[in-house]
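Chain nomenclature is as follows: A, B, C and D, assigned in order of appearance, with residue numbering initiated at 1 for each chain independently.
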Amino acid sequence: MVSVQSHRKDEHISLAKKFHSKDSKAGFDQIRFVPNALPESDIKNVNISTKLGKLNLTVPFYIEAMTGGSKRAKELNYQLANIAKNLNLAMAVGSESVALREPELASSFSVVKEVNPHGIKIANLSANASISQVKQAIQLIDADAIEIHINAVQEIVMPEGDRKFNWINNIKEIVAAIDIPVIVKEVGFGIDQKAMKQLSSIGVQYVNVGGTGGTNFAKIENFRRPNKELEYFSDWGLSTVESLCEAKMVPNLEIVATGGIKNPLQIVKALYLGANAVGIASEILNSLIENGPLATQEMLNEWILGVKSIYTVLGVNNLDELRKCPTIY
Amino acid sequence: MVSVQSHRKDEHISLAKKFHSKDSKAGFDQIRFVPNALPESDIKNVNISTKLGKLNLTVPFYIEAMTGGSKRAKELNYQLANIAKNLNLAMAVGSESVALREPELASSFSVVKEVNPHGIKIANLSANASISQVKQAIQLIDADAIEIHINAVQEIVMPEGDRKFNWINNIKEIVAAIDIPVIVKEVGFGIDQKAMKQLSSIGVQYVNVGGTGGTNFAKIENFRRPNKELEYFSDWGLSTVESLCEAKMVPNLEIVATGGIKNPLQIVKALYLGANAVGIASEILNSLIENGPLATQEMLNEWILGVKSIYTVLGVNNLDELRKCPTIY
Amino acid sequence: MVSVQSHRKDEHISLAKKFHSKDSKAGFDQIRFVPNALPESDIKNVNISTKLGKLNLTVPFYIEAMTGGSKRAKELNYQLANIAKNLNLAMAVGSESVALREPELASSFSVVKEVNPHGIKIANLSANASISQVKQAIQLIDADAIEIHINAVQEIVMPEGDRKFNWINNIKEIVAAIDIPVIVKEVGFGIDQKAMKQLSSIGVQYVNVGGTGGTNFAKIENFRRPNKELEYFSDWGLSTVESLCEAKMVPNLEIVATGGIKNPLQIVKALYLGANAVGIASEILNSLIENGPLATQEMLNEWILGVKSIYTVLGVNNLDELRKCPTIY
Amino acid sequence: MVSVQSHRKDEHISLAKKFHSKDSKAGFDQIRFVPNALPESDIKNVNISTKLGKLNLTVPFYIEAMTGGSKRAKELNYQLANIAKNLNLAMAVGSESVALREPELASSFSVVKEVNPHGIKIANLSANASISQVKQAIQLIDADAIEIHINAVQEIVMPEGDRKFNWINNIKEIVAAIDIPVIVKEVGFGIDQKAMKQLSSIGVQYVNVGGTGGTNFAKIENFRRPNKELEYFSDWGLSTVESLCEAKMVPNLEIVATGGIKNPLQIVKALYLGANAVGIASEILNSLIENGPLATQEMLNEWILGVKSIYTVLGVNNLDELRKCPTIY
């Protein structure tokens, strides 16, 4: 029999698919690159790689945390892992807590390491997880980094969700105990500078700003409620671009941008705004379900080329040069 | 036979229902809370109660003045009083002048005290009322406070309405004579700081800013006119948010916010902007007529939970803390 | 047989009717009165009259220059004159040049003085008119004032229009020779302060800013052209509100506001912004053709009441007090 | 057999036609002339001619580079050359590289000089062209000036396009070697001041800012791709108006404005903003294909009259006076 949590995972996938929109509201339209009519460049000299701590990302974007914990999730993780391997993308898995509770579901996550043993893999757990759970989650996929998600609004809008959010001490302990990068990650409502400074003060070095503009869990939850009484939460939060601007005010953090990133230009804008890596969830999931794994791989390959093309027409050869481009806000 | 005034009451209810809109134009969209990604909070510690003078409101919003004076109004007041009792909400009745003139209509108001003898009840009369009328109106529902409505625009747009508005001295006398809170209340066109300072100078301590963005009596009147010649009044006034901002400039007033408040987030924003209590009319009336009393009570119960949830994700435990949250205008 | 000019008059009336729009783009929405919640006023004490030079306008708005010069025009002028008489409105006639050239058309103008011998009547000619023509035009309707229209854009968009605009000296001579108010009037593209200062420097005391936002002769002309090649002129000009703001920079002028004024609130806003009188053309013409003279008179009577009502809710008794009201731009 | 390049030319024409839009997004709506109610002008005294280097343009706009290289292109160039001759317009041809590679296609360009030997003709090649190619291209149409197009974004969006853009030295050499005006021209993504200063520093005297707002090659390319993966480039660039503003910061350049210019008012605005000449492509092509050569000539004749009419109502007699008009941004 399928557990409630496992069933819920599948339902989330379907709803995320249903609520997927081609338009990003993450704020990237508000910033434009000044075109460079005389780029003096050659795509062959362009290097789009980035670093996250000591991890080298040859491609600056990766497959963000989405799934695991059901038969269908296993199938999707298998397909995503293949794409990650073929294109040399990093990849995060969905929250692994279900697998720690129900060991028979573990293979829906570990399939990722079987398919792609040498790729960069990112584990995922909630900020309530114990150190021993974090270690198991890392081991389960042989992870190179772990995302610890903080998701108060997502919990509050779920009828069965948490109503108590005391995470700071626990995060501090996890960071102290774990020696791979620990990325503290919002799941779609953004983070302001105050919270980032707090995180920095307890030793966190990596933050995924997870802003509004893409997948919106308040909208997804609201859909499941007959009276739509959570509609008012759909405008809650800071957009990914706003969150990136907030992050600029906080020294000593490495930033990941997630939320509403849907094309190579938005990826490049996120990098310009300070992100070291860019996570993409719904745009990939949607393509996978709608067009299949080959088309998705081709799309992501086009994106890699797209990022390189944008560097080329801007006349920049790497991330440092990109960050110096003139822009219009 | 039904008197003109009594008939008019029923017509107002139907038209308010007809003109009800899910969208608020009260200006709340212009203000956003900065999300708190690390709330360190527990819904169990959250206290959403407020005070209006010495009155303790366990719930910061209440059922605003709407009805009384007809058979149908009695039925509605009965249902509203039940909801108020079950959820521990304060409740105002509609203008009681009709009952003072036609005593056989008194029970359409007094039903409220019969159903809910221990709840907080708010009487309602116009600014023309004599002290003796005010006392009768209070007695009729055993009121804990009384709203004195000022409604020049509403009168001017009614063919049979007043064309003479000399209220200041009368309000001064009422305030001096009555020892429960006297709330001077606009009915939907807002109040600027000059008028609030004037009110304060004559001893008024409680003002309901009653701003634009919700029920609009100019639109309702216009509908009854074949030539729509009052359309130009539909943009008249200050929004509820603008009026709340004006109120900040006036010391020593306790503020109620009414007008276009349609969900828990708007309630919390009104409280943040300085309101001690929030009145809701059309959203409740509409639910009552469309979905019935049980569904309305459930909706309002969800709202109470919603207000608590918002406090929780903001990481604040009470009104004082709420008012210190960072926001974006 | 009907002359081309006479035929053209009728065509203009039909097209103006066709292009009539309920929405004003004259800019009045950009200015709002701060509502006065405590007006302390009585409609009986409100005096809405204004002065234009020595002329007393009991009603601050009037029927603006529109027609004359054909059988149908005579009928319309007859009906307008009746309304003007019944409501005590001033009234302007359309350009009288056609009557000076074709005397058999004179009665289409003079009907106005026959119907309404004691009312305020305003003659109308172009800025090319000779002094003797101006005198004839005045005499023809026994005018109390004369409008001299300046209409370069209107001419340029008419295939048969003028292409030469040397008006200044001629206007100077007319003003010197005529002892009733000479109002220099744009017909719908507005006037900037530079031109108004120039007019003032040659002795002009009365300017009708005739701004954009209402009847637009570029749009009307464009309609008659198969290739719509004049579309680009439809955004040309300064709005009535912009022109009124320009007029504030010019001392010693009395201002009339025309262009896109379509309800009592816009009239009051124009008065607030410095106009001494307000001209209304298309809104009246449209009502006359669509609803007939009685309905038009009733509408304008409602407008008089509307202007008074707005004074009342603002708590002002006359134009001087109105101009001191707080507003929001 | 038809070569790929030749076929591609025809396809570009059809797609440009398909994507043609009456609305310009080049930014001209953001600037308005203050109307001149007293122009004191006569269309007979108006002179709209401009100079580009030593070239006298009696009409300030010209037919911009579009076509050549196929049978259909020859037909279009023939028709455009006739119009240019009849109205005394300058005219540019499309990129001549195809004719240099495939001599049998040369007549699709040279037809222009046969039809219009005495008119001003402008050659066109890419910034990769050698000096000898430039000379051939000039000779082929007996050109009075040559446009060197720089089009990095256009290339990057074409699957078969260049991916290497080292143009500066080559442009420097061309400018040094050629003694007719060499106009460096973007094809629709605009130029910023930095690039214009660079061009100026290598001896370039003429720049065509070729901004966004009209024909958009990213949109055209995207249409040919099944997955629309280039949509994100459709907002890339600086508008024609933005580019003209940038050009103001660069001394010693003569400027041509192209991109989204679709009527006489936009032409006059471009001249006001600093352009010495204005190029028009898609609006002419569209008319030619849709309405034929006679209607196109009539339209352009109306435009000449339109430019003169605008000068007249502004009360200016030539370009110098135009540039002093007051405007509103």
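To be clear about the criterion, contacts are C-beta pairs under 8 Å (C-beta built on N, C-alpha and C of every residue); 3 or more make two chains touch, one makes a residue touch a chain.
These figures come from a predicted structure and were not determined experimentally.
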Set of chains adjacent to chain A and to chain C: B, D
Label of the chain whose CA centroid is most distant from the centroid of chain C: A
Quick one: compare the interface residues of chain A with those of chain D and tell me same or different, with half as the dividing line. different
State the superposition rotation angle between the two copies chain B and chain C, fitting on C-alpha atoms only and giving a multiple of 5 degrees from 0 to 180. 90
What is the distance, in whole Å, between the centres of chain A and chain B, each centre taken as the mean of its C-alpha atoms? 45
As a quick test, compute the distance in whole Å between the mean CA positions of chain B and chain D. 63
Got the chain D residues that touch at least 2 other chains? none
Chain contact graph, described as a line, ring, star, complete graph or other shape: ring
Can you list every touching chain pair? A-B, A-D, B-C, C-D
Any idea which chain D residues touch chain A in the complex? 150, 152-153, 156, 163-168, 186, 189-192, 194-195, 198-199, 227, 229-233, 235-238
Can you check the complex and tell me which residues of chain B touch chain A? 29, 32-44, 263-266, 299, 302-303, 306, 309, 312-313, 315, 326
